[in-house]
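Note that the chains are named A, B and C in the order they appear, and that numbering of residues resets to 1 at the start of each chain.
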Amino acid sequence: MTEALDRGAAQRPLLSLRDINVTFGGVRALKNVSFEVLPGEVHCLAGENGSGKSTLIKVITGVYRPEPGAVIEYGGETYTHMSPVTAQAAGIQVIWQDLALFPEMSVAENIAFQTVVGRRPRLVDYGRMREAATAALKRLGVTLDVDRPLKDFPIAQRQIVAIARALVGEARIVFMDEPTASLTQSETDCLLDIVRTLSASGVAVVFVSHRLAEVLEISSRLTVLRDGALVGVYPTEGMTQSRITELMTGKMFDQTVRARPMEGRPVVLEVDRLTRAGLFEDISFTVRQGETLAITGLLGAGRTELALALFGMLRPTSGSIRLEGRPVRFSSNRDAIRAGIAYLSEDRLSLGLIQPQSIADNLVMASYDRLLTGGLLSERRKRDLVADWIRRLAVKIGRQEDAISTLSGGNQQRVAIAKWLATNPKLLILDSPTVGVDVGARAGIFDIVAKLAAEGLAIILITDEVPEAYFNADRVLHMANGRMANWFDPRATALADIEAAVYA
Amino acid sequence: MPKALHSHGTEIVLLAVIVVLSLGLGLSTERFLTLGNAFDLLNISAVNIIFAVGLLVVLIAGGIDISFAVAASVVQYVTAVILGSIGGGEWISGFLIAASIGILLGVFNAFLIHTFKIISIVATIATFNIYFGLLMFFTRGVSIYNLPDWLTTRVILFEHQTADGSWIEITLPVLVMVVCVIATSFLIGRTTIGRQLYAFGDNPEGARRFGIDIGAMQYIAFGWLGLMAGIGGLVQAHYAQEVVPNALYGRELDVLAAVVLGGARLGGGKGTVIGCVLGVLLISITQNGLNLLGVSPYAFKMIVGAIILVAIALSNSRLERLFGTARSQGARS
Amino acid sequence: MNAAVTPARATLGARLKALVGPEMAGPVLAFVAVVVVFSLVSPQFLSRATFGAVGFQLPELGLLTLAMLLPVLTGGLNLAITFTANISGLTVAWILHANGGLEAPMPVFALACLAAIAVGASTGVVMGLVIAYTRAHPILVSLSMMIFLRGLGEFLTRGGDVSGFPSYVQPIGHGTLVGLPVPLLIFIGCVLAWHVLLTRTKLGFNTFMIGSNIEAARYSGVNTRKVLVLVYTLSGAMCAIAGIIMLARFNSVRVGHGESYLLITVLACFLGGVNPFGGFGRVIPVFVALVVLQLLSSGLNLVGANQHLATAVWGILLITVMVLRWVAGRIGPFKPGKG
């Protein structure tokens, strides 16, 4: 559609798609998209949620069939569409975001599962399975006990198992859908090393990721999709994060540091030497009225555990919490909510919101008591409350009774925030509020955060994206290995210095 | 050993409970720890074990079946009628007829579940009512007592009188049970189909993306249970020497309790044949022991129910935490 | 709950929809079909006699279905309902027998009923505690409770009947009040209570939330353990009411009475559009589904079939409704199951 750059040194593409159109119920999910992958390259496919990335992967792997006129060239053959069987047989492998592994089965079986698939029943050759699994792990330079059930391993290892599985399938091209979403930094680094190993051995890797830093670090070329159409193909050399954001959203974002001085305002929360053995230790800080305190650090630094302790869901082993000067001790999160603390979970899909239930019910869940008159619900009050919050946070919805899952990530997060604001909190803890939220919609979330702070709410913002902390908080606390590592003042420090300290 | 403890925690705990229980009963009663009694136990438990291994396959594949016990009743009745009309038949034709009808009834469940996307508990509660209602309607609740002689004659494959005077008997039901256990164990542990069933129960979406034929999985799982129900039905008729239309009514829940006690998971992907057999045996041993201790038969079920309740409560609270897999409440940060 | 409220001024249509919801299509369709078919086949079908019979037979199954409904909404099941009802009935019987038998005064009966409800509720408390604190699967917990209660009842009664109650007990099972059967009135009262519980109270709201995602509900400050215990307690108490009605109708108590209703109650819930995974369902459609089931069996009775054929037809009806939902889900905007 637009610029097609860098065909390399006339290298013949391994995979090439042209004129791909896909329509779902009248909505065009892909419009005349073309896409190319060179042998052995690391290619990044970028785009916001709903831009057509996953649809494109599903066309390539044969899950969806494109409209007639499509041309797919792969390994010297031309197809009008793929099927899952041909795609897999031809060495096209996908590592889905949810990994599609089998937790109860052994690592060996997960890796070599290919050998038990097929219509014709056969006997299982566990010996061969174990060999294939061990060999695949060896190619990745990893050793795991292949006889143990997969459920015993943490997510990072499972990711490796998923990659090893792709190798057993004689992969020539591997698609990785958001592979780093739930990995810590060191785990991510390890994964990126594995990707380099794969690429060096001639396997092409297509990386689908939101995390722009990784995109720049690992890939040589970048394909950007927006609203189901191709924006362009670019070399990653010389590309910046903000340029990619701009390409993905079609908008310019210029960010300024929002930090303001907070001295002299009344203290809302005071944490003193708070410790939970094994998870975090000796944490002390204060949050003042109207202040936004960011807590950053890598995955596994103890941030969420600290938040859960403040929210009464994890009992601290020592130390104290004071709320507006009074010491508090919570036996459950209900105590914390009553005392005026709200916690927006990092896992919006399974903990933050109840996906199948309605927008209205999700919104009133934490403040239901306020809707009761003599023990019975007032429908009218509920309707008005929901309508009021929908308006105040500018949530785009159809009807109040629609399932919350019908909303976009950004709008879901607004409802989740509204749910907590409806409890009238003094302190709002936002744990990774932009996970799974489009780049374009993130700014809207932070506008809300800024407005709430201006109204006097004390806010703790937990994020592993340092720029988010830098631009949106008044102070930044860096946690590492369960301890406080550094304090930063965004007005006095450069973003690069904080990033250097955190990612060190 | 820690490894075995890890992967077969439920089975080992069950075995330990059975051993302790047996020792206790052996010390407090004279008869319990005799070979004769042990073989009695096997004879009594044979039919339930046949049902249990069939149900296990459905549970592993992520389904549940409420209808298999009444399906077995239908099989008994129809087989008896067919045998009568073909002039008696013998064991081979009997098994062939029973197996075919059983498979047919099981496959009908799979058809409803797969074609119309009705979840298994809904579909099988419906077929439970259909099978049982029609059976009672057409038979008017009348039992069949004049079964062919070959079916009602006890088949003793091996017998031996021990020094204490009791008889060790291996009867046909036990042999059939052993064959069913080995066949099921082979199916789910040694064939690619079995591993696909586990995978499908463990993560249906992942299995689908691998190109596993979901429909085939449903038909195989429910067909296998149907087969076991058919065989179990015939063996039960042989054991009881009569066909009573509502004799197996309610058995489905007892067998379900035993299978889950044996470590199978409602929801799929987990369960072993050994655990399943131990689950049934534990319940039989408890009843047998209570009997030998002279406890009123009316109290059996009460005590068995209490034991299962305690076992389930304990296995869910303590063991999970002891043997790993316990999810700590703190999410990853 | 989850009352479908369209913003601000809800129209009458919207209000009606809020009351019954999209689950209603199946039961209403079945209702119309049953009434039309049987009134064509049998001229006596549309008569007072039919509806009188339905009015007297409906409550037993109906009350047990209400007892099943709450656990199903939380994503569980209560397989102990029928034996809980039996044990509660036995409680009444014994208290009456211990205090004069046929001559027992009315206050004793009232007290006996309260004791029965307490007994029913306490079985629920035990199950609720086990489910809430050990996270054991409700099917298993209630199944073992069922086996226990059956054994307990058989142990205590030696498998026999307990009968012989004061004469004023009978009208509860057979009498009429302003032309309506007394048991039906009691049942309708319970239906309304359940409707209010589920649409207007915090417990009802939390029941649905837990049914969809218990962890997310906990993170939002729902006391999930308390809700589970209360749900099973109320379920047990409702079983006791069913047990008292059964005692009055049969004028005796036997362990095993109503056993065949167990899976029918689950069937009625699903027929009434309750989501088998929990989280969605309404009382009124379930009520209509129950009426349909009872009309079906009365109609079949009129044309000479027995209860067993009716049972089979109930099963076929459930499959028919599920297949129609599947068809509707494929051709229309109505999504099956979750409605």
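By definition in this document, a contact is a pair of C-beta atoms (placed from the backbone, for glycine too) under 8 Å apart; a residue touches a chain by one contact, two chains touch by 3 or more.
Since we're looking at a predicted model, the values are computed, not measured.
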{"item": "Chain whose average C-alpha position is farthest from subunit B's own", "value": "A"}
{"item": "Of B-C and A-C, whichever chain pair has more C-beta contact pairs", "value": "B-C"}
{"item": "Distance between chain centroids, defined by C-alpha means - subunit A, subunit C (Å)", "value": "44"}
{"item": "Distance from the mean Cα position of subunit C to that of subunit B, given in whole angstrom", "value": "30"}
{"item": "Set of subunit A residues in contact with two or more other chains", "value": "313, 345, 351"}
{"item": "Parts of subunit B lying in touch with subunit C, wherever the complex brings them together", "value": "66, 112, 116-119, 121-123, 125-137, 141, 250, 253-254, 256-257, 260, 266, 296, 298-306, 308-309, 312-317"}
{"item": "Parts of subunit C lying in touch with subunit A, wherever the complex brings them together", "value": "1-8, 18, 196, 199-202, 205-206, 208-209, 212-213, 215-223, 279-280, 338"}
{"item": "Touching residues on subunit C, where the partner in the complex is subunit B", "value": "79, 130, 133-137, 139-141, 143-152, 154-155, 158-159, 259, 263-264, 266-267, 270, 276-277, 305-306, 308-316, 318-319, 322-323, 326, 336"}
{"item": "Subunit B-touching residues of subunit A, taken from the complex the two chains share", "value": "63, 84-85, 88, 94, 96, 98-105, 109, 113-119, 121-124, 147-149, 151-152, 155, 182, 279, 297, 299-306, 308, 313-314, 345-347, 351"}
{"item": "Subunit B residues within the subunit A interface of the complex", "value": "3, 6-7, 189-196, 198-199, 202-203, 205-207, 209-213, 216, 269-270, 324-325, 329-333"}
